[in-house]
Amino acid sequence: MALPPEFHDIARHVNNWGRWGADDERGTLNLVTDEVVRAAATEVRRGLRVPLALPLRADGVQAGLIPGRIDPLHTMVQINQEVFGPGTVACSDDAVTMGLQAGTHWDGLAHVSHSGRIYNGRPATTVTAHGRAEFSGIDKAGPVVSRGVLLDVARAKGLDRLPGGYAVTPQDLTEAEEFGAVTVRPGDIVLVRTGQVQLCLAGDRHGYAFPSPGLSVRTPRWFHARDVAAVANDTLTFEVFPPEIADLWLPVHALHLVEMGMHQGQNWNLEALSTACAEETRYAFLLSAMPEPFTGATGTPVAPVALL
Amino acid sequence: MALPPEFHDIARHVNNWGRWGADDERGTLNLVTDEVVRAAATEVRRGLRVPLALPLRADGVQAGLIPGRIDPLHTMVQINQEVFGPGTVACSDDAVTMGLQAGTHWDGLAHVSHSGRIYNGRPATTVTAHGRAEFSGIDKAGPVVSRGVLLDVARAKGLDRLPGGYAVTPQDLTEAEEFGAVTVRPGDIVLVRTGQVQLCLAGDRHGYAFPSPGLSVRTPRWFHARDVAAVANDTLTFEVFPPEIADLWLPVHALHLVEMGMHQGQNWNLEALSTACAEETRYAFLLSAMPEPFTGATGTPVAPVALL
Amino acid sequence: MALPPEFHDIARHVNNWGRWGADDERGTLNLVTDEVVRAAATEVRRGLRVPLALPLRADGVQAGLIPGRIDPLHTMVQINQEVFGPGTVACSDDAVTMGLQAGTHWDGLAHVSHSGRIYNGRPATTVTAHGRAEFSGIDKAGPVVSRGVLLDVARAKGLDRLPGGYAVTPQDLTEAEEFGAVTVRPGDIVLVRTGQVQLCLAGDRHGYAFPSPGLSVRTPRWFHARDVAAVANDTLTFEVFPPEIADLWLPVHALHLVEMGMHQGQNWNLEALSTACAEETRYAFLLSAMPEPFTGATGTPVAPVALL
Amino acid sequence: MALPPEFHDIARHVNNWGRWGADDERGTLNLVTDEVVRAAATEVRRGLRVPLALPLRADGVQAGLIPGRIDPLHTMVQINQEVFGPGTVACSDDAVTMGLQAGTHWDGLAHVSHSGRIYNGRPATTVTAHGRAEFSGIDKAGPVVSRGVLLDVARAKGLDRLPGGYAVTPQDLTEAEEFGAVTVRPGDIVLVRTGQVQLCLAGDRHGYAFPSPGLSVRTPRWFHARDVAAVANDTLTFEVFPPEIADLWLPVHALHLVEMGMHQGQNWNLEALSTACAEETRYAFLLSAMPEPFTGATGTPVAPVALL
């Protein structure tokens, strides 16, 4: 079952292979220049800090639908241990086992392949059990700091949250820009709010997972036209789920990660940011969303923070 | 073997219990105000981004000296898996098991206790295997973003790195301030560079661990007097190791974490930052060092970034 | 809320503390003598081998009710890796993270405490995060091989499986002995079949967990009177659940593990054994159920096999 | 670099593909019949039980030479937790992360491939990150119980242990048979003692790993001629290491696992068994060495026990 022509048609328009050289492993993060960051810092007007990560805990995001993507098993390996003898200073240490994509995370560029290729045309077979992602591992992303822009699609429509299964369109993005009186610029990291994460916060992990609003297969062209550096949202699936086109699963993943080389963020909690932006009537900010540099990983937990 | 009088004497001077209320779980991070962050953002003059985390990998920081603090075991749970059928978009997913204090990390306030107490006078027994840290877990830290100041003690002394076992003194800190033409202010996060991490980067994990330069037991009063929000450095042990006073192990940990309620960072790679600050002749910057919000954890990996 | 008098009354009758010396860490496994094993071997008349472990996999026994007791996360760390160069012999290696009590397992004696004590009167505080079980860790159990006896309570009653919440009584055990024409002897390992595991095998993990048939608080005296070496059954909870006496949770665990020093097995699949014994009309066999010798562990996966 | 002709020559002689049908996943374990087990039970003359597993602990067998094959990280997830309220019975639970081949283990048939094939001619590509070993996973081995025979090569030669790098020959095996006055029969599980594990027991993990005595590439024909069911020994590498033929790495693994379909055991502690057999002057016994049934795994920890 090959990918349909309409997928390949979009792919052709958004493809960035070779744009930053044959050796590139960072994709659209190359669009974040010193100048972009310098300008982004000027968005910090109040000194507010809004964290965007969900808690990392056993009772977390995952509902067991994705094999192996387990919520954190967090255990203590020492508790008030007087390592150097009775009466001395005591230490507690912990360990964790978790799926790197379990909670609030970045998808690395090697997270997805199609037609045997990952970003920049490299063979998908360069991802192995032994070496993990030889190319475009999350450790190759480098610093992820830029201007962030919240496109609050739910609020722009006057909704608490978009309905399950709603496909966010390019038109929705443009309207959210207008609602926020903000213009997406090259190098920006765009956060698209659906409100879906409210279900997760309320403990309904299955409802959160499915059906989910998310990005339409038509939005990658919108992001590509604006030279966006990365996109994150507040859903498990990132793109609308179930998909818009029968039997075409995860097309947005394939377009963003493989064709464009654009990192994606999922399970971001944008609720407090939505409130803050509404109160400030400003939808741009400095965003720091640093990957944990797991060598060769296809994803990473991230604890993003918006400064405004 | 009780802690010696000189420890208790310092403890008395730096103790912050109750300062932010009996319910406080954040300690000196309370010193980071909106105003501090607003001012910190003005330090971003060039738009440079300098990441400060070591790679997270099996061949990492740990030399096996600390039981249970294992370097990341990073495994693939899916590799180019065509989840939705042959010819569809394929996914790769990974999982990790690691000590939360294994690599570049923050010590949470509950990481250490002495005399049966953690920060703010709470019983050490509130840390349990089942619930982990009931109080002052790393998830309670909130956003960790502020002005960062590099006190480049090694460079100020004209050294590549301080000798193993060298105790960094208050005088050294003051001289590094002067060298950097910077004044530490309330709410700052101070990064103290010894150069010791060079041994780790060169693959000498045992040499990196021991003997190590690090903070003297006399420095907590210096940090307390300046109302510093947090301190990190480029060593495994944070404080000088072996210790300055016979049989007094980890006194700086106990003073910072328990008495002051001040988070500590270890295994931070300050080499590139040292170069950047020297080139810029500026030692202050915006620092984002967000904890991963593991519920009830006593530490967390962190991927800090300095913006200058 | 102290344990009720009726608990302490039974405890007094079945207590084995000091019976094998103040230093003993094995409890009733001491009852398995060379002679018992020699006689057990004569039960191997056909050479049949019946394995009693459930599969170890992500989609296993646990329904998420017991925090931290996770089903195996089994991952590949190498797949057909030509470790020594192209064209050489290739290796695949795997790793696992799991709760030691997640699947078919033995409870070690240190798994449970009451009134601050574990087996043989040792303080419960000898179980720590750092050292795990200092006394009676599963590695201290030694070989677990003896005559096994199946008490097929369900079949003896003409039932496929006992109803959820049914408490297996001493009378039931005696009737199952009679049904099997077998007499429990000192040193035997007794397997009590309820049929409940059928729910687990059918994929109903919640139904399997609760409500569950299981041993009545009155059965420890029966096992004690016969000097049984260990007891296992085919349920998650081992004892009847919810419990027979309001607010008296896990009394059988406390009587067996703490008072008697008798290891318990849970989640054993006794279905094929039930069929084999019925066909052979023999309910005794040689049982090998070796603990994996995790140092200081309070439990262990086990892959038991009945030879008959 | 293809495998050399002498490898293929041996492979041709020992190949068992198709011998037990095209669907077979158990290989030479098919040679263990009811009759073999019935006869094996008669070897239990004294009722002795000799366990053969090394302790499972952080300070275990692995010296870090094999990426991802980590010794057990054993952590507590509950310690004396009064799950049902204050004063109730308290539970301790543990979890583990480990390489399945880290300690005393069985290699499953899918552990090794050569020339793109695993046992019975199946494609090596049937081992994946997602599904693990689709064929001949360790869960397919079934019960591993048979007559065990100790070939005590070291003792037969009057040595405590064989020198590092010594290749055990077919002649050595025959002499050990004669020394033990035992004849290897079809379906037997053969344990070959080199004494090398003494180095591991003494804490010298590197010396234990390399150089190591082990089986010569000429022994698979000896095992094949006798229709042995499985072979285990007391080394990390199983076969002599470094190898006998330049650039021919792991040939015995490839011959046993891929060509013959014969499970291999490594890191077995045969010291106490050597003593027991010498005292009894009997080198045959009942051996139970049950795999933990990890679905699709390429190996498993095992806690073998010899009964004699």
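All chains are identified by letter, namely A, B, C and D, in their written order; residue positions are counted from 1 within each chain.
Following the convention adopted for this analysis, a residue touches a chain if its C-beta (ideal position, glycine included) is under 8 Å from a C-beta of that chain, and two chains touch if they have at least 3 such contacts.
Treat the numbers as computed from the prediction; the structure is a model and nothing was measured.
Q: Using the touch definition from the top, list the chains contacting both chain B and chain C.
A: Of all the chains present, those in contact with both chain B and chain C are A, D.
Q: If you tally the C-beta contacts for A-B and for A-C, which one comes out higher?
A: More C-beta contacts join the chains of A-B.
Q: How many angstrom between the C-alpha centroids of chain C and chain A?
A: From the centre of chain A to the centre of chain C is 45 Å.
Q: Need the CA-centroid distance for the pair chain A / chain B, whole Å please.
A: 26
Q: Would you pick out the residues of chain C that each touch at least 2 other chains?
A: 67-68, 70, 73, 75-79, 92, 95, 97, 128-130
Q: Using the contact definition from the top, classify how the chains connect: line, ring, star, complete or other.
A: It is complete, because no pair of chains fails to touch.
Q: Can you name the residues of chain C that touch chain D in the complex?
A: It is residues 1-3, 33-39, 41-42, 44-51, 53-57, 66-70, 72, 74-80, 83-101, 110-114, 124-125, 127-129, 132-133, 139, 142-143, 145, 247, 249-251, 253-254, 286, 288, 290-299, 301, 303-305, 307 of chain C that touch chain D.
Q: Can you check the complex and tell me which residues of chain D touch chain A?
A: 67-68, 73, 75-77, 79, 95, 97, 129-130
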